[in-house]
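Next, two complexes with chain A in common: one pairs it with chain B, the other with chain C.
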Partner chain A sequence: MIDPIEFFGNHIFRMVFFGTSVTGLVAGALGSFAYLRKQSLISDVIGHSALPGALLAFLIAVAVLDANGRNMLGLIAGAVITGTLAALFANSIAVRTKIAIDTAMAISLTVFFGAGMILLRIISNGPFPGKGGIDDYLFGNASVITVADLATSIAVGAVALVLMLVFWKEFTLRTFDPVFSTVLGFRAGVVDTVMFATIVIAIVIGVKAVGVVLMIAFVVTPPAAARQWTSTLPGLVALSGAFGAIGSGVGAYLSVALGNVPTGPLIVLTLFAVFLVSLLVSPRRSIITAALRRARAREALRRELLAETADR
Partner chain B sequence: MSFVLGTSLLAVVTALACALPGAFVVLRKNSMLVEGVAHAVLPGIVVGYALTHDLNSPWLIIGAALAGLLVVLGNEWLIRTGLITGDAPQGLVFPALFAAGVIFITLDFSHVHLHTEVVLIGDLNLAAFHHLMVSGVSIGPRYLYVMLAVLAVNVAFIAVFYPKLKVTTFDNQFATVLGMRTGLLNTVFMFLVSVTIVTAFHAAGAILVISLIVVPAATAHLISHRLSVMLALTALFAILGAVGGFWIAYALNAATSASMAVFYGLVFIAVALIDRLATRVRRHRRSRVCQPAAGR
Partner chain C sequence: MVPIACQARNVSVAYRADPVLRSVNVTVPVGSVMGIIGPNGSGKSTLIKAMLGLVKPLTGTSEFFGQPLDQVRHRVGYMPQSASVDWDFPTTVIDLVTMGTYGELGWIRRPGKAERARAMAAMEQTGIPELAYRQIGELSGGQRQRAFLARTLVQAPDLFFLDEPFQGIDAKSQQAMIDVLRDLVAQEKTCVIVHHHLATVRDYCDHVTLLNGHVVASGPADQAFTKENIRIAYEAREGAEAFLETAA
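Take a look at the complex of A and B:
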C-alpha cells in the first residue's frame, strides 16, 4: 500500500486524483437534476455519443489546424456537440414516430457509438501524429491528464456549477412543478436547454479521465446514494457532489495503491459500494429501517388484535 | 466454404438471431434494460472463460447469461424497494458489473485475451476464423453453427409461446387476470435474450449488440400494425442491414458490427422519413377527394 504523503507527492498521482475528483463532483452535483427529472439514462446516450465528437475534434486539430489533437477544450467542444445531437436525435424519434423513448435512446446511442468506432479505426489506420493511445477515450486514462487539462476541466466544470447556482430557482421549479413554472412565465424551452447543457458538460469533462463507456455511473450513482440520506434539494446536490468527488478520489487512490488496475472501473465500483451502503443502512430511508418499521407495525397490530379478542 | 461467404453468412445469422426477440424487446419498452444486460454479461464471460477455456462452451454461455439476468432482477428489486426514482434503477447495476469485467480482463485474471475494442464492438472476422471441417472440406465457421443453434432456439421459443408473448406484451394486466405467470415468462424471455447477447458477443460486443437487437425491430415497428407483419419485416431489415453493413465494412476496412450499426441507423431514418412522406401524401390526397364533396 502507498501512504498518502507519497501519493500526493507524486505529480501523476496528484493529477489522477484531482482529475477524477473534479469529474465526480460536477457529475454528481448536476446528475441530481437528471435523477429527479427521471431522465438518468439519457446520460448513457450522451456519454457514448461523446466518442465521435472527441475523435472528430482530434482529427480536425491534427489534420486541419496542425495542433495538439488531445487539447481538452477541443475535446469538450466536440463531445458536447455530438452528445447534444444524439440526445436531440433520440428525443425527436420519440416525439415524431411511434417508437418509445427507451428504444429511441438505444438507436441513437448505437448509431453514434458505431460511427465513433469507425472513426477510431480510421485514426488508428492513418498517419496521424499523437494517435497512440487514442482508444483511451473508451475507458479513460487518468494518468495522462496534464495541468492544462485539469485547469480546463475545473474552469468548464465551474461554469456548469455557476450556471446551476444562477438558475437555481428556475431549475428547482421546473424539476418539481413544470406546469406552475410555465404559468409563472418561465420559458420551459430555455430552462430545459440550460439545465440540459450543464448536464452535458458534466458528462463530457470526464471523457479523458474515465472514458465514455462508464460515464453513466458518475451521473446516476451519486444522486441515488445521496437521496437515501437527505430530503432537500440543496442537501441532495451537495451530498451527491460530495459522494461523487470522494468516491472518485478514493477509487483513484485505490487504483494507484493496488497497481495496474484501471482507474475508471475502480471508481465505478467504489461509487456502487457507496450506493449499496446508503441503500442498506441510511437512518431514514433504507431497506433495513423499512424492514424494522414493518416488523414493528406488524407486532403492534398483532398486540392490538390480541387485546381486542381478550376484551371480548 | 470461402472466408467471405462464411463471414457474411455469419453476419446474417447473428443479425436474425438477435433481431427476432428484439421485436418483443422494442414492444415491451425494454431496450435500455437490454443495453444494461449486454454490458453485464462481460464479467460472466471472463469468469466463464477462466473455468472452461472455451468461448463457445455452453456452460460459459449459460453462466454469463445469468450475470446478464442480474441486471433484470436487480432492476426489478430496486423498483420494488421504492427508494429509487425514475429510470435510475436500470442504470445502477450494469456499470458496476461491466466495471468488474473490465478489471478482471486487465488483471489478466483468466488469460483471456480480449482487446478493449473486441469487448465493446466484437470482431466478426475473428469470430469466423475457425472453420468447421468435414472430411477436409470447410463447411463454414464453427461459430456459425453456434449462432444457428441460438437462432433455432429463439424461433422455437417465439413459435411455442407466441400467444402468451403477444398478450403479455400488449396487455400485461389482462394476462395476469387470465392467470398467466407473467413474471416467470418475462424472466425466461429475458434469459433467452441474455443467452443471445452472450453468443453474439464475439461478433458485436457489449455495445453494438443492442443495435442488432433493437434497430431492425424498431424499423419494422414504424410501418407495421400487426405483430406477425412486424416480425416478418424485422427479419427482412435484419438481413438487409447485415448484408449492407458487411459490404460497407469490407469496402471501408472498418469493423463489421460498427458498420452494421451505422447502416441499420440509416435504414431506420430512411424508413421513418418515407413513412412520414407517405402519410402526408395520403392525407393530402384524402383532403383533395373530400373538398369537392364539401363544396357541393
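Take a look at the complex of A and C:
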C-alpha cells in the first residue's frame, strides 16, 4: 500500500485524485435534481451519447483546426451537444409516437453509442496525431488528466454550480411542482433549459477521468445514498456532492494503492459501498429497521385479530 | 351588473385529435363560488388547465378580470390536485407553503423572513401551524390538502382555482376547508372549484357549470344544477341516479 504522503507527493496521483474528486462533487450535487426529477435513465442516455460528441470534437480539433484533440473544453462541448441531441431525440420519439419513453431512450442510447464506436474505429485506423489511447473515452483514464484539464473541469463545474445556486428557488419549484411553477409565471422552457444544461454538464464533466460508460454512476448513486440520511433539499445537494467528492477521492486513492486497478470502476464500487451502507443503517430510512417495524406491526395486528375472534 | 372575475370563451381542447372539450363558454361573476361538476373524463380539470394556459386550447381564449392571464397573474391562485406531486420530496411543510410567494418574488429573489411569516399565517388559517416543520411525506391526505390550500392563500389572489380540494380528505380537514371558503366568500373573493361529489355541491357552490365534454349548463346553482341537467351531464350513470332518487 502506498502511504498518503507518497501519494500526494506524486504529480500524476494528485491529478487523478483532484480530477475525479471535482467530477464527483459536481456530478453528485447536480445529480440531486436529476434524481428528484426521476431522470436517472435519461442521464444514462446523455452519458453514453457523449461518446460520438467527444470523438467528433477530437476529429475537428486535429483534422480541421490542427489543434490538440484532447482539449478538455472541446471535449465537453462535443459531449454536451451529442448528449443533448440524444435526449431530445428520445423525448421527441416518445411524444410523437406511441412508443414508450423507455424504448425511445434505449433506441437513442444505442444509436448514438453505436455511432461513437464506429468513430472510434475510424480514428484508430486513421493517421491522426495524438490518437493513442483514444478508447480511454469509454472507461476513462484519470492518469492522463493535465493541470489544464483540471482547471477547465473546475471552471465548467463552477459555472454549473453557480447556476444552480442562482436559480435555486426556480429549480426547486419546477422539480417539485412543475404545473404550479408555470402558473406562477416561471416559463417552463427557460427553467428546464437552464436545469438541463447544468445536469448535462454534471454528466459529461467526467468523460476523461471515468469514461462515458460509467459516468452515470457519479450522477445517480450519490443522491440515492444521500436521500437516506437527509430530508431537506440543501442537505441532499450538499451531502450528495460530499459523497461524490469523497467517494471519488477514496476510490482514486485505492486504485493507485491496489496497483494498476482502473480508477473509474473502483470509484463506482466505492460509491456503491456508500449507497449500500446508507440503505442498511440510515436512521430513518434503513431497510432493516423498516422491515423490523413492519414485522412488529403485523404481529401486533395478528394478535389483535386473534383476540377478537377468541372473544366471540 | 356584477363584474366578471373570469371568463372562458369558446374554449376547445383536444389531446392529439380527440376532443376533450368542445366550445366551452363559462362566466364566473366576482364573489361567486363556481363548481365545475361532471363525471370522470368530462374535462373538469382540463377546463381550468386550459384557462390557466397549462394546456394549449385548440380554440378560444380566457380572460381574468377582463385581461389576459399574463397581465393579472398575481391576482390568480391555483391549487393543483394533491396527487400531482411527489410527497416524498425532501422538504418541510413551511417551505412548501412559502412556494406560494415565489410568483411575486419573481426570478432569482429568495424568500425571507416576511415570506415565511406569511406562510405561517396561512397555515394558521387552514389549521396546520403545528405541522410547519414536519416533512411533507408525513402528512395525511387531509393535511396535504390543507398545506396546498395554505400555499394558495399565500399567493393572496382575488380568484382561486381549486382542483378537487375535497379529494381524500378527513372530516376535520373538510371543516377547515369549508371555513376558509366561507372566509373567502365573505371577503368578496371568487372561487372556481372542480368537484365531483354531487351531494355536497349545494353546500359549497352558489354557481355551477355542468360539464360533459361540453357545457350542459352554466350559471347560478338554482338554474343550472337541476335534475334534468344532471341527468344529461351524467347520462345514465349509477351514482347520479342514486343521487337523483334520494334528492327526489
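As a working rule, the second predicted complex is superposed on the first by the 293 of 312 C-alpha atoms of A that agree within 3 Å, B and C clash if a C-alpha of one lies under 4 Å from a C-alpha of the other, contacts with A are read in each partner's own complex, and residues count from 1 in each chain.
Quick note on the criterion: a contact is a pair of C-beta atoms (placed from the backbone, for glycine too) under 8 Å apart; a residue touches a chain by one contact, two chains touch by 3 or more.
What you see is a predicted model; the values in this text were computed from it and never measured.
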Which superposed partner A:Val162 touches (first chain B, second chain C, both, neither): neither
Which superposed partner A:Leu280 touches (first chain B, second chain C, both, neither): neither
Partner chain(s) touched by A:Phe272 [first = chain B, second = chain C, both, neither]: first
Which superposed partner A:Asp135 touches (first chain B, second chain C, both, neither): first
Which of chain B and chain C A:Thr110 touches, first, second, both or neither: first
Dominant contact partner of chain A by residue count, chain C or chain B: B
First (chain B), second (chain C), both or neither touched by A:Leu65: neither
First, second, both or neither for A:Ala297, with chain B first and chain C second: neither
Touching partner for A:Leu36 - first (chain B), second (chain C), both, neither: both
Touching partner for A:Ile288 - first (chain B), second (chain C), both, neither: neither
Overlapping contact positions on chain A, where the chain C interface meets the chain B interface: 36, 227
Chain A residues within the chain C interface of the complex: 36, 166-170, 172-173, 175-177, 179-186, 227, 230-233, 235-236
Residue ranges of chain C in contact with chain A within the complex: 49, 52-54, 70, 73, 76, 78, 80, 84-86, 89-92, 96, 99, 102-103, 105-111, 135, 137, 151, 155
Chain A-facing residues of chain B, complex: 26, 29-35, 81, 83-88, 90-92, 95-96, 98-100, 102-103, 106-107, 116-117, 120-121, 207-208, 210-211, 214-215, 218, 221-222, 252-255, 257-262, 264-265, 268, 272, 275-276
Residues of chain A that touch chain B when the two form their complex: 35-41, 43-44, 48, 93, 96-100, 102-103, 105-107, 109-111, 113-115, 117-118, 120-122, 125, 135, 138-139, 213-214, 216-217, 220-221, 223-224, 227-228, 260-262, 264-266, 268-269, 272, 275, 279, 285-287, 290
